[in-house]
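Every chain is named by a letter (A, B, C and D) in the order it is written, and numbering of its residues begins at 1.
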């Protein structure tokens, strides 16, 4: 039996596996609980064992789940095989099956009125591949950490947090509705807050954690509003849609309503169906230009609201995935332990935004505006980060900015509708960036926690394994054939170049050429990083004379990741045939069931022309040259040029540019001045003036004061002369009687 | 027979005179006497209405009023004595302890 | 022009006169005396109202007990003529005015009242206002208030003693 | 038809009072004994409270576990208690806090221990009574009686500046509730003709219902349609807004809404740990509960008109409270202002008049009780050790108090509504409800709804900002102060006090449905009653009319002087 068939028979059938999907999350959660509560009694070794085995178990389950997503059984005759991995889409018509996927609904989380959220988990090829990345890379990094944190007595907290993070990330990926996804979304934010501030005794580190969390919260703010808009959209859709719309969506009113009752309005499948229903056709009533009739959004068009919601989601994704304008937290997040940076701030959490948009691709393609914004934001972020990375001397900072830059590239892909490539780049990036970070960690570990690349150098002889793997990863990220990075990045650029957004054709070319610049500069700063760290002579100011190679727990993950970042390239090879028969990249073919709805909408709504051609050899060569040029420039500068003219002062403008870049173009300072200071100032003023002065002193104490004054004024009436009082009573009596008399008269 | 109104008018006059006395006289004892006058006016009214309605509730009320008046006089006069002991005067304007 | 009306007129006139004396007499003794006569004439009016029992009580309790008390106190404190008339303070003027106004108002009201004639059958007239009927009422329906009042009197007695006793 | 069918609530309410009598006879020289007795009292009460909570049938009649006997019949009032979903949930919260409060004060209170525990027990009874009473006069009595023990608690066992805080708290809240008393009496007089008047909630509500409907109808109608109103409807049209204002002010002060919130920081800062816990945990809810039970249902039309205004105040409260927190140097004050922000969510949810909003608001009441109560509790431990409330005096104490820090962090996350904790459910539902609500329409432009929602959502950011800021200042960084270097971590007693809170945070965050199910029926009825005020909203009478057990006729027939054997009064339900 050949490879394909091997993959087609899963050891555990989908229907058997589905109910235990929850275990994938539960295992790390349990590990986190045990490590966190009993960690100190258990001791180091046990904690290591528990934490690692928890993630390992999750990994095994993920493999099974991933495998089960393409489980088939021998079909009727002629060797054709029948797919068993599918479930009925509750939002579709009777015969509407979600293929290559398994799902399980653990029932209600909370339900109020006609709103409901379920603990619904789903694995399809998209989330499956991410499961593998998270648990796989996660496991490697746990393993790595066992050695990296061997001298830290906060190990139990560390592993508890790490497990917690993995659990949250898995929730994010497995969730089949927006709210549950949001749980993971915030959960990873929380975990990263804890891990960045892991060495809390250093105020700067604690502050970095807080900065990360609050910045993420700004994104979550947008995310929440977008979610609520989605709810409103769904209700408006169900109110206004007619049979035609439902037919367009491949559903019908009763089924859709019933599914809403049972699953809640925020499940991805339901949103997909709504997106399909919003496509324009002659028979239907609702399309993107239809105004909403009732409710808070009365008068706005569906398309408009959709765009607004997607832009808000973009802000949310920008917070999580460190894009403009919220990328500032990521570089500071490097305050955390290096394995954390590798896992959270390179491989998994920061890619959540890309995952979110791929998950909601069907909605995204409805709004060219939103797509263009996503792409442009991605491109600009990527460029900015690359430029900043030029001038950073802290090895982790460089990697951080390169992460931001790579994420930008993924956003470019997502924005231009080449989702599969973006996801592929996500995967490959997870491999080589994790490898780079771990390598950096290994370097620091071997050099007394030295992070300044100026003070390193010449490590290739002392840390062979680290050097080799680092080199591979560097080549991968710079995009050198035949490594994975090259193909994924090139796939994105190719797609960006050939996809066209309705009415916004200029975007594709603009983003494409920006992308080339980015590719070149990536090559430049990565080569620089590599050269200064490993090549050349050992620096004079090095902390330790001779770096020592790290233990196997650290080198093994490096090797595995390096290998992976090589072989992952296979995914991008056009080995498959698409339904229409032309060659198709493996990964594109692999993800096609996930993005089928997106494709339908893109072709139906005509909002974006998707190009399915595969790059020609010329494109490859061109991209390769770009990468080489960048790398070559760096090589020339740092091997020949600077060493040659060492000691001579650099020209003023160069120093000015360098300083600006080094100070990250003063973006943090800018935010400090336009956001943080004003808020603090305002709160202070409000407290002193409004609260303390106006309300409390003037209003409250003022009332008391007036009362007191009136009282002491009235004291003078109090003569103490009984007869005077009696006289008053008499007058009152007279008045009363007179009044009564008048009343009687009428 | 005499119309009730006359009795009532008489009672009103008596009451007002009593009140006048209470309000203008300085001697606490006389003030007390005027209070008695007012009480009697009230009694008179009771009786007049009793006569008109022909039931004896009015009489009973008057009876109680008298009893209460007795008690009131006893206590009042006792107070007057006490005050006189402490201040040597029974003039109301000399008794202004209510001020403080 | 019947005898009853004449009697009423006479008693009313005398009552008001003596009441006036109570108010305007300069020495408390005279006031007290005038008060006694007021009570007597009022008793007469009560009789006219067929309230024999009350009339009797009026004479006994008021003219008898209470006035004796007053006189006793006056003697005890041997208050003579008050040397000066009190200055007409604002309070007094106001009080006087109020009284006069009240009188006016009441008069107007009363004059507007319908002339209510007595509505009693002869057998009712026979027993009306007699000791028997009052006893009937007091000791059945009004028993509780009656007891309360007796208690009140007791308290008053004790109180008077406590308040008035000189600390010698 | 057992004893508990009729008397369970009586038991829950008056058990603390009974034990208070017991404590009264204990010698004051035996603090341990007094504490134990009080603790047992609260524990037993908690057991019965939980039982009552479980006995409440979500599908059943609106008010359950009812009990009613005559009381001042000449006023037409009766001693009438019973719980609906919201009340029983808040009751659960109250009895839950009870024992923990006692535990929390074990070492905190060092003088006048007997009096303190007496105050605690009495306070418990009054709060529970206010929650369960279905007779408005009875409610008012409990509502006011609550002030006295709390006043003592702040004024006697408070911090340095306690007198001022206590007086401020007392007068502030009293001012509002006296206005409410006037309004209650007015309602009593207008709601029914002389003779058939009653203070009973059902009687008042049903008496006003038709008038409210007419008022609403004419408000929906053309200009000047309301001039044709007559009788009660006319009265309601003229005076309804004022009466509503009186109720609303009383409850708004209790909540507290911006701008009548300034008593809260002082009271919280000065109060002892127990006082702060109860104040935040239960007392503030009396305000929202009052809006939910009385102010809005009794005057739906006026409420409808006031909704946008009140909603603006709530949103201001949310953002403003959060900003205040950023300006504080005093930890307790910060937590107090965070309460203002959280209660803003509760009010907004109620005013949204959507299923999500109202349920979320009710749930947020519980959450706030748990998380803020726990925050005060934890800070109380810190204050016992260090006797300072200033952030500047702390810093880096995570090093010396790891367990304490962990607990504090968990509660903090619940307070900033991280998903998975209880806070998230409430906040999410409230915000969702706001977005779905017709607040915008009420305010004149449907799109304003989104503005309300967006501003309210700002609280999500600010909440994280100030809480984490405080956490960092207090727990992280280096151990700068020498006094802090020998702080001991939580002992067993303290740990056991915090544990229930932490468990509840998780449970209410992951499986809220059992709680929500009990809230749902009250929510539906509240919505229907509030919608009576919305012109054109289809509301059937049977949805809104209040059905309660009637006074047993045999009793009402008897002469007022005839003594009534309480146990002899049968309950009409069961």
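Annotations
To be clear about the criterion, a residue touches a chain if its C-beta (ideal position, glycine included) is under 8 Å from a C-beta of that chain, and two chains touch if they have at least 3 such contacts.
These numbers were taken from a predicted model, which means no experiment stands behind them.
Chain nearest the geometric middle of the protein is D, using mean C-alpha positions. If you average the Cα atoms of chain A and of chain B, the two centres end up 92 Å apart.
Work out the mean CA point of chain A and of chain D, and you get 39 Å between them. Centroids built from CA atoms put chain C at 7 Å from chain B.
Chain B and chain D have Cα centroids lying 55 Å from one another.
Counting partners per residue, chain C has 91-92, 95, 98-99, 102, 106 as the residues that reach two or more other chains.
Chain contacts: chain B has residues 19, 22-24, 93 touching two or more partner chains.
Taken pair by pair, the chains that touch are A-B, A-C, A-D, B-C.
Taken together, the chain A residues at the contact with chain D in this complex read 36, 108-115, 179, 182-183, 185-187, 190, 193-194, 197, 200-203, 206-207, 210, 213-214, 217-218, 220-221, 224-225, 228-229, 231-232, 235, 295-299, 679-680, 682-684, 686-688, 690-691, 695-696, 699-700, 704. The residues of chain C lying in touch with chain A in their complex are 89-92, 94-95, 98-99, 101-102, 105-106, 108-109, 112. In the complex of the two chains, the chain B residues touching chain A come out as 19, 22-24, 92-93, 95-100. Contact residues of chain B toward chain C in the complex are 1-10, 12-27, 29-30, 32-34, 36-37, 40, 43-44, 47-48, 50-54, 56-60, 62-64, 66-75, 77-82, 84-85, 90-91, 93.
The residues of chain C lying in touch with chain B in their complex are 4-5, 8, 12, 15-16, 19-20, 22-23, 28, 31-32, 35, 38-39, 42, 45-46, 48-51, 53-54, 57-58, 61-62, 65-66, 69-70, 73-74, 76-77, 79, 82, 86, 91-92, 95-96, 98-100, 102-103, 106-107, 110-111, 113, 115-120, 124, 128-129, 133-134, 137-138, 142, 145-146, 149, 152-153, 155-157, 159-161, 163-164, 166.
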